[in-house]
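For clarity, chains are labelled A, B, C, D, E and F in written order, and residue numbers in each chain start from 1.
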Amino acid sequence: MTADVAQYLIENEPFYQAQEDEIDLYQAAYQARMPVMIKGPTGCGKSRFVEHMAWKLKRPLITVACNEDMTASDLVGRYLLDADGTRWLDGPLTIAARIGAICYLDEVVEARQDTTVVIHPLTDHRRTLPLDKKGEVISAHPDFQLVISYNPGYQSLMKDLKQSTKQRFAALDFDYAPEKIECEIICKETGTDAETASKLVKIGHTARNLKGHGLDEGISTRLLVYGAELIKQGIKPRAACRMALVRPITDDADIRATLDHAIDTLFA
Amino acid sequence: MTADVAQYLIENEPFYQAQEDEIDLYQAAYQARMPVMIKGPTGCGKSRFVEHMAWKLKRPLITVACNEDMTASDLVGRYLLDADGTRWLDGPLTIAARIGAICYLDEVVEARQDTTVVIHPLTDHRRTLPLDKKGEVISAHPDFQLVISYNPGYQSLMKDLKQSTKQRFAALDFDYAPEKIECEIICKETGTDAETASKLVKIGHTARNLKGHGLDEGISTRLLVYGAELIKQGIKPRAACRMALVRPITDDADIRATLDHAIDTLFA
Amino acid sequence: MTADVAQYLIENEPFYQAQEDEIDLYQAAYQARMPVMIKGPTGCGKSRFVEHMAWKLKRPLITVACNEDMTASDLVGRYLLDADGTRWLDGPLTIAARIGAICYLDEVVEARQDTTVVIHPLTDHRRTLPLDKKGEVISAHPDFQLVISYNPGYQSLMKDLKQSTKQRFAALDFDYAPEKIECEIICKETGTDAETASKLVKIGHTARNLKGHGLDEGISTRLLVYGAELIKQGIKPRAACRMALVRPITDDADIRATLDHAIDTLFA
Amino acid sequence: MTADVAQYLIENEPFYQAQEDEIDLYQAAYQARMPVMIKGPTGCGKSRFVEHMAWKLKRPLITVACNEDMTASDLVGRYLLDADGTRWLDGPLTIAARIGAICYLDEVVEARQDTTVVIHPLTDHRRTLPLDKKGEVISAHPDFQLVISYNPGYQSLMKDLKQSTKQRFAALDFDYAPEKIECEIICKETGTDAETASKLVKIGHTARNLKGHGLDEGISTRLLVYGAELIKQGIKPRAACRMALVRPITDDADIRATLDHAIDTLFA
Amino acid sequence: MTADVAQYLIENEPFYQAQEDEIDLYQAAYQARMPVMIKGPTGCGKSRFVEHMAWKLKRPLITVACNEDMTASDLVGRYLLDADGTRWLDGPLTIAARIGAICYLDEVVEARQDTTVVIHPLTDHRRTLPLDKKGEVISAHPDFQLVISYNPGYQSLMKDLKQSTKQRFAALDFDYAPEKIECEIICKETGTDAETASKLVKIGHTARNLKGHGLDEGISTRLLVYGAELIKQGIKPRAACRMALVRPITDDADIRATLDHAIDTLFA
Amino acid sequence: MTADVAQYLIENEPFYQAQEDEIDLYQAAYQARMPVMIKGPTGCGKSRFVEHMAWKLKRPLITVACNEDMTASDLVGRYLLDADGTRWLDGPLTIAARIGAICYLDEVVEARQDTTVVIHPLTDHRRTLPLDKKGEVISAHPDFQLVISYNPGYQSLMKDLKQSTKQRFAALDFDYAPEKIECEIICKETGTDAETASKLVKIGHTARNLKGHGLDEGISTRLLVYGAELIKQGIKPRAACRMALVRPITDDADIRATLDHAIDTLFA
C-alpha cells in the first residue's frame, strides 16, 4: 500500500495556548527524535498539543486510540486475502515509520502488552520495526517520532506500563490550563463573552477540587466549551451547565447538588 | 457498499410525549453537533425519544444495540472475502458518519472498550473516524451526530464508561413519565379506557417504590402497555396484570404477593 | 437462502394436556404479537406447550436450544465463503422473522449477552432485526412472534437475564402437571395401565418433595414416561424405576436409598 | 459426505463378561430408543460394554471422546472451504443420526455446554437434530440411539451435567467386576494362569480400598491386564506389578509403600 | 502427505548409560505395545532414554513438546486451504500411528485436556485414532507405541493428568544417575578429566539436597555437562560453574552464596 | 522464503564498554554453541551486549521482543494463503536456525508457554526444530545459537520460566555499569562534557538507591543519555533532567521531590 502522506498533514493551525515551556521541550526532544510521553488528566489538551506540534513541525501525524482489544497486528499490519493471494497491509505504526510521521498512541496503557512491546525496537538506538509475519525489518524514516499519552489517575496495579517501556521515553506533565488561559480558550472556541466563560471556568474549578472526594475526574475544558456552546444556541445557562457539566460526569446525588448549587449561585 | 439512506429514515412520527424541556435541549445539542448521552432506567422511553428526534430533525437514524461481545469491527467495518478478493464492508458507525445520520449506540456500557474508544475521534473537534484496517481516515458528514444511552442503575465498578469517554458527551436525564402522561401513553398506544390505564399506572408506581427493596427495576411503561393490550384481547385484568406486570420481573414470592395484592385491590 | 417453510410446520397435533388457562393467555399474547417468556422447572412440558400452540395457531415453529457458546451470529446469520465469493446465510432467528414463524429460544439465559441483546429490536414497537454485518434492516413478518423459556431454579447472580431484556416479555408460570393429569399423560404416551402410572407419579412426587433437600430438581414427567416404557418392554418395575427415575438424577447414597425404598414399597 | 457405514460396524464379538442384568436393561432401553447414561469409575468396562451391545444389536457404533475444548461443531459438523466453495461436512453425531448408529459420547461431562445442549432435541420426542448453520433439520434414523458415559467420582460443582440434560437419560451403574469375573477377564485377555490373575486382582482390591484414603481412583482392570502382560513377557512379577499397577497411579510415598508391600507379600 | 519415515529414524546410537533394569522393562512393554509413562525430574535423561530405545528397537521416533496452548488439532491434524480446496495435513500423532513410530509426548501434563483425551482410543484395546474432522477412523500400525513423560514435582491440583488417562499407561520412575555413572556421562560427553567431572557431580549433589529448601529443582546432568564444556573452552572452573550451574537456576542470594561456597571449596 | 542473511548482519561496531569478563564467557559459550541467558534490570545494556557479540562473532542476529500474546507460530512460522494455495512462511526462530544466526528472545518470560517450550529441542543435544504444522524437522545450522534475556526483578509466581526451560541455559548476570564507565558511555553517545555526565550518573545512583523504597526500577543508562541529549539541544539541565530522568519513571510526589532536589543541588 502506498500511504497517502497528504491525508496525515494538518493543514490549519490547531488552536493551542501554551502554558509553560512545553513547546520548547517538545521541539528539543523531536530534534533528537527522542520518544515522548505526555502525561495528564482527561480533556486537558494532550491530543491538541500533539496536533499543534505536528502542524508546527510540518510533520504528518498518525493518531491511534489504543484499547484493550487492540493487537500488535492492528499497529504493525497484517496479511489480507486478495484476488491474487495474500497482500500485506501496513498498520498505522508501520506507515508512520515509513513516511516519517509522528505516531501518537493515545492512552497506550489501555493496549495489550504485545502492542507496547512492539514499539521497543523503534524507541532505542536501533529505530527499527521488525515485521515478523512478513520477514522484513524496516528502518524508521529519519523524521519518525513516537509519542504516547498516559493518564496517571487511571493506572492501577493491573494496568500499567512496564518499566522496560517507561524507560524509553522522556515525559511531559500536563494539567488543565490556568484560569485566565482557560477563559481565553472558551471564548476563542465558542465566541461566548468573557463573563460567561469566567463563570464556566469557576464551575470547572469547583468540580476539580472535588476530585478524589467523590469525583473520579474534574470537569474537562471540553465540557466547559460544550456549556458555552449550548448557551450560544439559546439554552438558559443553568440548564446548559447541568446538561454539559454535571449530568455527564456523575450520578451521585450529593455531588450533583453541590455542583448545581455552584451553577445557580454563579448564574443567579 | 452504497448505503441506502432511505431505509434509515423514519417515515411516520413516532409517538412521544414530552416531559420537560428535553426536546429543546436535544435540538440545541444537535445544532452544535454535540454528542449526547441519554441516561435513565429500562423502558422509560429513551430509544423512543431518539427516534422521535431523528424524525423531527429529518435525519436518518442508525441504532446499534451494544453488547459485551461486540467488537470495534462490528461498528467500524471489516473486510469480507469476495470473488474478486477482499472487499471492505462499512459498519453501522461508519455508514452513519458517511451519510450524516444520527448514530444511536444503545446501552453502550455493555460494549467492550474497543467499541467505546473507537468513537473518541468522532466526538471531539476532529470529527474523524480512522479505519485503521483500511488505511483510511474519514471525516464525518456535517449532519452526523452520536448519541449513546446509559442506565445508571446498572453500572458497577467492573462495567462503567471511562471518564475519557464520559467527558465527550452532554447528558440528559430520563425517568418514567409522570402519572398523567403515562396514562395518556397507555390509552394512546392501546385504545384502552382512562380508568384501566390509571389503575395500571398505580400498579407500576407500587413496583417502582419497591426498587432497591427486593426489585432491581420497577415496572416499565412498556409492560403497562402489555397489560392493557392483554385486557383488550379479552383477558381478565387480574390475569393480564399477573402475566404482563409481575411474572416477567420477579420470582420472589414475597414481592409477587405484594404486587398481586395491589392488583387484586385495584381490580376488585 | 430460501427457507423451506414446510419443514417448520408441525403436522400432527402434539399431545398437550392443559393445566389452567395457559392456552387462552398465550393466544391473547399471540394476537397482540407480544413476546412471551415461559417459566418453569426442567421437563414440565414447556417445549411441548410451545409446539402445541404453534400447531394450534398453524404457524411454523423454529426452536433454538441456547447455550453459553452460542453467538449472535448463530442466531442472526453469517457470511459463508462460496465459489462466487461470500454468501450470506440467514440464522434461525432471521428465518423466523422473515417467514413469520414462532421463534422459540429454549433456556435463553444460557446464551451470551449478545444473543439476548440481539432480540431487543424485535421485541418492542420496532419489530425489526438489524443485520449489522450485512448492512440490512429487516422488518419482522406480521405473524412473527418470539418465545423464550427460563428455569427460575437455575438462575444465579452470574447468569440471569438483564432487566432490559425481561421487561420485553409477558410471562407464564409452568409447573409439573397435577397428579391426575400426569397419570393421563403417562398412559397416553406409553399405553401403560392407570395403576402403574399412578405409582410412578407417586414416586415422582416423593422426589419433588426432596427438591432443595438434597435434590436439585425433582423427577420430570419425561423420566416417569421412561419408567413406564421400560416396564412395557418387560423390565421388572423395580429395576425399571431405578434405571429411569433414580440413577439419572442423583449419586447421593441417602437420596437413592429414600427413593429406592419408595419404589420397593409401591411395587411390593 | 456419504458416510461409510461399514467402518463403524464391529466385526468380531468384543469380549464382555456380564455382571448383572445390564444387558437386558440396555436392550429394553434400546428397543424404546431411550437415551442411556452409563455411570462408573475409570477402566471398569463402560466403553467395552457399549461396544459389546453395538455388536450384539448389529448397529454401527460411533464413539466420541469428549473434552473441554470440543465445540458443538465438532459434533454436528461444519463448512469446509473447497475448490467449489464451501462444503458441509457432517460431524460424528450427525452421521450417527443419519445412518442409525449408536452414538457414544465418552465422558460427556468434559465437554462444553454447547455440546451437551446440542443433543437435547435428539433425546426427547422430537428425535431431531437442527443443523442451524446449514438451515436444515434432520430427523434421526429409527435405529439411532444416544449413549453417554459419566464418572460420578469426577464431578464437581464447576463441572456437572445440567439437570435438563440428566433428565433425558435412563441410567446404568457400573463398577469393577466381582473378583471371580475379573480373574476370568485377565486370563482370557492375556493367557496368564489363574493363580497369577488371582494375585493381581487381590492387589487391585487393596488399592480400591484405599480410594478416598489417599488414592483418587483404585487400580482399573486394564492395569491388572497390563501387569499380567508384562509377566507374560518375562518380567518378574514384583517389577511388573510396580510398573503396571503402582507407578502409574500415585507418587505418594506412603501409598506406594503400602501397595509395594502387598505385592511383595503376594509374590513372595 | 506421505510422511518421510527416514527423517524420524535415529541413525547413530544416542549415548545412554543404563541405571537399573529400565531397558528390559521398556522392551517388554514395547513387545506388548503397552503405552508407557516416564516419570522423573527435569534433565535426568528421560528424553535421551526414549531416543535410545527407539534406536535400539529400530523404530522411527516422533517427539512432541507439549504446552498449554497446544490443541488436539496440533496432534491429530487439520485442513489447510490449498489451490484445489482444502487438504488434510496429518499431525505428528497421526503420522506416528500410520507409520508405526514411537510417539513421545514430552511433558504431556502441560497440554490442554483435548490433547490428552485424544490419545485414549490409541491406548486401549481399540488402538484407533478417530479423525473426527475428517470422518475417518485409522487403525494404528502394529508397531506404533505411545510414550509420555511426566515430572511429578510439577503437578498441582490445577494441572494433573486425569485418572482415566493415567490408568492407560505402565510407568517407569527415573532420577538423576548415581554418582559414578553421572561422572562417566560427563567425561564421555565432554572429554573432561575424571577429577573435574567428580567435582562437578559433587556440586550437583549439593544443589539437589537443597531441593525443597529454597530450590525448586536441583542441578540437572545437562548443566553439569555445560560446566565441563566451559572449562574445556578455557574458562576458569569457578567462573564456569557459576555461569553453568548457579546463575541459571536461582536468583536467591542465600542459595547462590551456598552454592558458590561449595564451588570455591572444591575448586580451591 | 529465502531469508536475506545480509539484513541481519550488523555492519558497524555497536558501542559496548565491557564491565568484567562477560565477553570471554559469552565467547566460550558460543564456541560450544551453548544457549545463554542474560539476566539484569531494564536498560542496563543487555540487548546492546548481544548486538556487540553478534558483530564481534560476525554472525547474523535476529531479535524478537517477546510478549504475552505471542504464539509459537509467531516464532516458528505459519501457512499463508497464496494465489497458488497455502505457502509456508518461516518465523524468526526458524530463519535463525536455518541461516545459523544468533536468535535473541528479549524478555522471554513474557511469552506464553508454547513459545518457551518450542525452543527445547533446539537447546539440547538434538539441536532440531520440529515444524509440526509442516511435518518437517529441521536441524539447526552449526553456527546457530539461542540467547534469551530475563529480568529477575519482574518475575512473580504467576510468570516465571519453567525449571525445564531454565536448565537449558548457561547464565550471565548484568547490572548498570560502574560510575566511571557509565560516564564514558554518556560522553561517547552524546558528546556531552565529563562534568555533566558525572552529575547525571550521580542522579542515576540516587534513583537506583530508591529501588524497592518507592521505585520499581532505578533510572537506566538510556534515560541518562536522554538527559544529556536534551541539554545538548539547549534545554536547561534542570528541565532536561526532570523531563528525561524523573517524569517518565514515577508519579509519586515524594519520590519526585527527592529526585528533583538532587537535580537542583547538582545543577545549582
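One rule holds in what follows: a residue touches a chain if its C-beta (ideal position, glycine included) is under 8 Å from a C-beta of that chain, and two chains touch if they have at least 3 such contacts.
Listed by chain with UniProt protein names: A, B, C, D, E, F = CbbQ/NirQ/NorQ/GpvN family protein.
Keep in mind it's a predicted model, so treat the numbers as computed, not measured.
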Here subunit B maps onto subunit E under a C-alpha rotation whose angle in degrees, rounded to the nearest 5, is 180
Per the C-alpha means, the centres of subunit B and subunit C lie apart by a whole-Å value of 30
Subunit B to subunit D, mean C-alpha position gap in Å, rounds to 52
Check: subunit D positions touching at least 2 other chains come out as 81, 84
Around the ring from subunit A, first stepping to subunit B: the sequence of chains is A, B, C, D, E, F
As the complex stands, subunit A meets subunit B at residues 1, 3, 7-8, 14, 42-43, 47-48, 63-70, 74, 78, 80-84, 89-92, 95, 106-107, 110, 151, 154, 216-217, 219-220, 222-223, 226, 229-230, 232-235, 239-240, 243-244, 247-249, 251
Touching subunit D in the complex, subunit E uses residues 21, 24-25, 28-29, 31-32, 34, 37, 39, 71-72, 79, 81, 84-86, 112-114, 116-118, 120-121, 124-125, 130, 132-133, 135, 137, 152, 155, 162-164, 166-173
